[in-house]
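Contents: one structure, followed by commentary.
Letters A, B, C and D name the chains as they come in the text, with residue numbers starting at 1 for each one.
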């Protein structure tokens, strides 16, 4: 009979005016991967914060290896064996990988209070190697490392505390599809070593691939814990949402022989080589590739954020696009992947955020035309169903989905011909996702040409009319509508020739 | 709300502190209420170039003494840096206060023109001291001697000390400061006329920063190994030069008396160097006396009395009056008399 | 060779060498042992203050008050001396006052959490006022012979202040590289919230850094007073803050924190010292001196920026 | 609440503390000094705050955009002396004035080029410019003050319309104008946007480089304007003018509630901040308080007024 390494009983957490968690119990056994699911606001993050020592529960007990414990702070929790890896990494980009793992740790201090660098490097390398990060040089500064390597460093940091319990919050969110596999390898190793893992993710596919058990939270209460073999995607969604959800992706009608709106010819820069493609009126063109394959570079090139060689032809005439403002003048719009850093200005109001790209048109002699701005923001709030008490509200208070709608809305207001969408549903919960998919579909129906770049394969497959696959900067395959499935797509994106290679 | 109250409270406290500061700062202030009995007491504003240098501190003592002797009120204040726009702002403020006379040592002779004009329009007497502002509405100028005379005296002193030949370097407080320019130009002209063999190699400026003056002097010795003399045209320069020369002598890189130093400096600051013989002669005048005379002249003007050549000023003695200028004379500080000065 | 070029301080080293060459061509006196000693000697207090400033800037802050702290401590040392206190005790008390000033800055910045620039701008005014206030407007001068030792003395044939500076530099390089406290400074400057999660007390580290900065300014001011021989409270160290900050940034530091080394800063100070000395030695017209200094500062920064651009090229997809 | 307040949650109406402080200062000094509460004194104060005030306009904008310009004092002196030298060479005074303004613009352009185009750290670049321009002033003029401008030119700095000084009217007009720009034009949205999240503004198809460049050009232009008004007021162009003026300007801006790290602030706040500083100075001067105590009081005020609000939560 195995004993649970962690047992949470009757956990409740109240914030002034809100009950975030009520009477949640949770058991975790060594060597299992336990998925924690729920829509945004279901109480996942509160539960994790309690478990990792950020909050202390209003009620309930936590038992670690049979002993009742309380965590004063995250460091305390780590020392007792519970570590968390946040979605946003907590790394010091200016320090070496080794130092990130062993930051401020007394055990690295030797005589004369001297930090033993060689010991630190050795142990860090050993730790990193043990979870399959052998290619990482721990003497490198973290800012020179890729996202996956950074995650490995985060995991190594957690393990350096002899973690019994490891909480991984959306570990695949920042990772390219091919590196998710590598991450799974790491998780499997940890499982084999007897570490208990709480795996928080929105991505169904991953849950089924990696988890042993799944617990679903909704509205601050636990719905159920089940073995992974007992559930299906549909039943999980139902548990999370509490009602049946319809089709996530709208059905797209195929139109043919539409005029070509955008033609890219031999675009080259950095990782992209001679990329050529055509985008037609009213079409959703999916562009898929693992990060580093050049999809992001192409988007940046088309929007004038970066310069390179090759030609961009819009409506039959070659144009120069050397800056975002030139792109905007050519009626190209871009919804960038990182909403917080590139999409919204948090303290500003919805109205201001919506109107920013359009201000030259919404002002006379640079003086803003308030009436028209209000009219416009009202129009797009309604059109995109942005839920907020008023357009004067700061976007900071909106949910992720509504924020994303603001980012899309601000470009729709600019009335573009071409819309580049990159990761349009990153960090958005299921309900809002469906809404955004519908909006994208609607826009294409209305004649907008959309270039869709996403690392979520179901999204690309479900929405696109055609899919181009990029591998190492070149287009290696084109899928027509309905041709692609996830397996094929991933295979093309990681190129058949490289199988068994360095992947 | 609590923070708000706290902020306001501290603001009020700070101002109270200020008011206390003002009373303790002015011995003759009538308990912090300046305009009390305006008919009886006259108030004068003495405005040096800046607050901080020892020279002006000595002048303040003289001004305060005059205030006590003449039973008038004297406010002595200036900006912390020798900046003419700040100085003029302060004079304007004092005109609002309707003082009976203002004694100014202008940072810029031309810039004070407009404000002096305004003062005259309000019937406030302006007397310049230490530095002049010719071609303005000022009534008198109180000085030890003209800038030209002082410059020539310095040139003559160093010329005699180094035997009329060799390299000399000038150290000034600011390259843009007029009294410095006037004095150094006079010294240059004097060399050209009387000591054609003396070469003025360079002029370095310290911007009133002691460390910079010190570094300047070090660099001078390094750059001009044949340097024979240094003239320091402002209070901070001679001690810095002397300090550097003394250290060089001590370190053996320079022979004693190889570089002669003279300049304008308050005796108390250069006392040790004079005693050591690093500085043979230092030119100075009593800034306290200068300020005293300025206050006295203003008081005379305010009472409608005449200013005459050779007039006797109580506690000071006679002064020379030449047109609109009042001269109190310069002093040469040497090893013999250095202990006799109290400033 | 390539490895050498990738050293963080490479551009400033090369630029310093170039400037040195230029001055040696312009004046044969420049590259003399005597002159090099002079440059070091003139910048001792800069070196020491810059150590503290490097730590402050590594935290992502800045300290505008160092000049005023220098004035307060130097003036109080002068006052102690004129009251007949033994030079060693006076120096120690002066350093304590420096520490006290650092504690005031640290209190408002670390504990009251007011932005550094506002606190130090305010204390810059306050300390300067206090300095001139306690000096009574007079100069601190005529220091006793025993006190001069701090600025001019020799120990085993080595200049005492230089020795102190070298020791301090060595200690702080060690502290920054080999102790937890030093690494905490880097980690807070690199990623404050992450440092907090790692259990590092941001407030305590900030407080410590400002106190240390105060301590270093205190030491520097004793050397300053003993060396220059007189202190004028109203102007002592008036341009120090900007100059030292420029030195740190020339030496490869980033105003945003987390990047920079003590060694780099020392090079930055040396660079500024060389420029100031070289311009006078090569007999450049006095009117050109500060124009040329400013130009070289800008040039040094441009060169540093070039390096950053070169390093970041071809690293698309990185998080930072 | 006006429509504007809701449009700009960043600007807020948080000037209550500042207004009360100003009120307290005025009331207190009115009791302490009989000369304080007079029309002449107030006009006097207005006349004196013009140069700092003019520079504070672009400085507020630059700080809101998340940068800082420390070279303003040197630009002031540089353009003042350029104008003076031009006039001395026999060029018509009004054309000399334009030369002075162009000199300021040029300095601003250099700052802007390095900071906006090449993304160099603003503080470092402007410290370098501070040193270099101050040096250039001495180069072009050997440090000698220039005076003897025609009377018509002094109109700007010394004359009154009614009982109000001409330059104060100019300042107020400029403040109203700039305030309008910072409230009702798209330029303001960009400036606040850059201060809060530069990337978003860039990703919205707006040239951040151009906005930053314009800001530093404005700073150069206004510093030059301040230089010209200073010369007109003092009848003399000096090499030392404007030394340390950046500290006054920044202090006023901060007391006025502008966030040091950008994103928040207002010109009306800066104006109140300016009034607080100048009235405080003026009042203390009238009382004959030594400048030493004045510095201490100003520092304490900065610390308590600005610090108390705990602008940046850790």
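Heads up, the rule we're going with is that a residue touches a chain if its C-beta (ideal position, glycine included) is under 8 Å from a C-beta of that chain, and two chains touch if they have at least 3 such contacts.
Not measured: the values here are computed from a predicted model.
Where touching is counted per the definition, the chains common to subunit A and subunit C are D. Taking the mean of C-alpha positions as each chain's centre, the chain lying farthest from the centre of subunit C is A.
When C-beta pairs in contact are tallied for every pair of chains, the largest tally goes to B-D.
Mean C-alpha position of subunit B lies 33 Å from that of subunit C.
With centres defined as mean CA coordinates, subunit D is found 29 Å away from subunit C.
Subunit A and subunit B have Cα centroids separated by 70 Å.
Multi-chain contact residues of subunit C (touching two or more other chains): 128, 132, 286-287.
Counting partner chains per residue, subunit D has residues 138, 142-143, 292-295, 300 touching two or more of them. Going by the touch rule set out above, the chain pairs that meet are A-C, A-D, B-C, B-D, C-D.
Residue ranges on subunit B touching subunit C, taken from their complex, read 50-54, 56-58, 60, 80-81, 175, 202-205, 207-211, 213-216, 218-220, 222-223, 225, 236, 239-240, 243, 247, 250, 253, 266, 268-269, 271-272.
Touching subunit B in their complex are the following residues of subunit D: 16-17, 20-21, 24-25, 28-29, 32-35, 38, 40-41, 44, 47-48, 51, 138, 142-145, 147-148, 154, 157-158, 230, 233-236, 238-244, 281-282, 284-295, 297, 300-301, 304-305, 308-309. On the side of subunit D, the complex with subunit A involves touching residues 3, 6-7, 9-10, 184-187, 189-190, 192-193, 196-197, 199-207, 263-264.
Residue ranges of subunit C in contact with subunit A, taken from their complex: 177-180, 183-184, 186-187, 189-191, 193-195, 197-200, 258-259, 314-320.
Of all residues in subunit C, those touching subunit D in their complex are 62, 108, 112-115, 117-119, 121-126, 128-130, 132-133, 192, 202, 242, 245-246, 249, 254-255, 285-295, 297-298, 301-302, 305.
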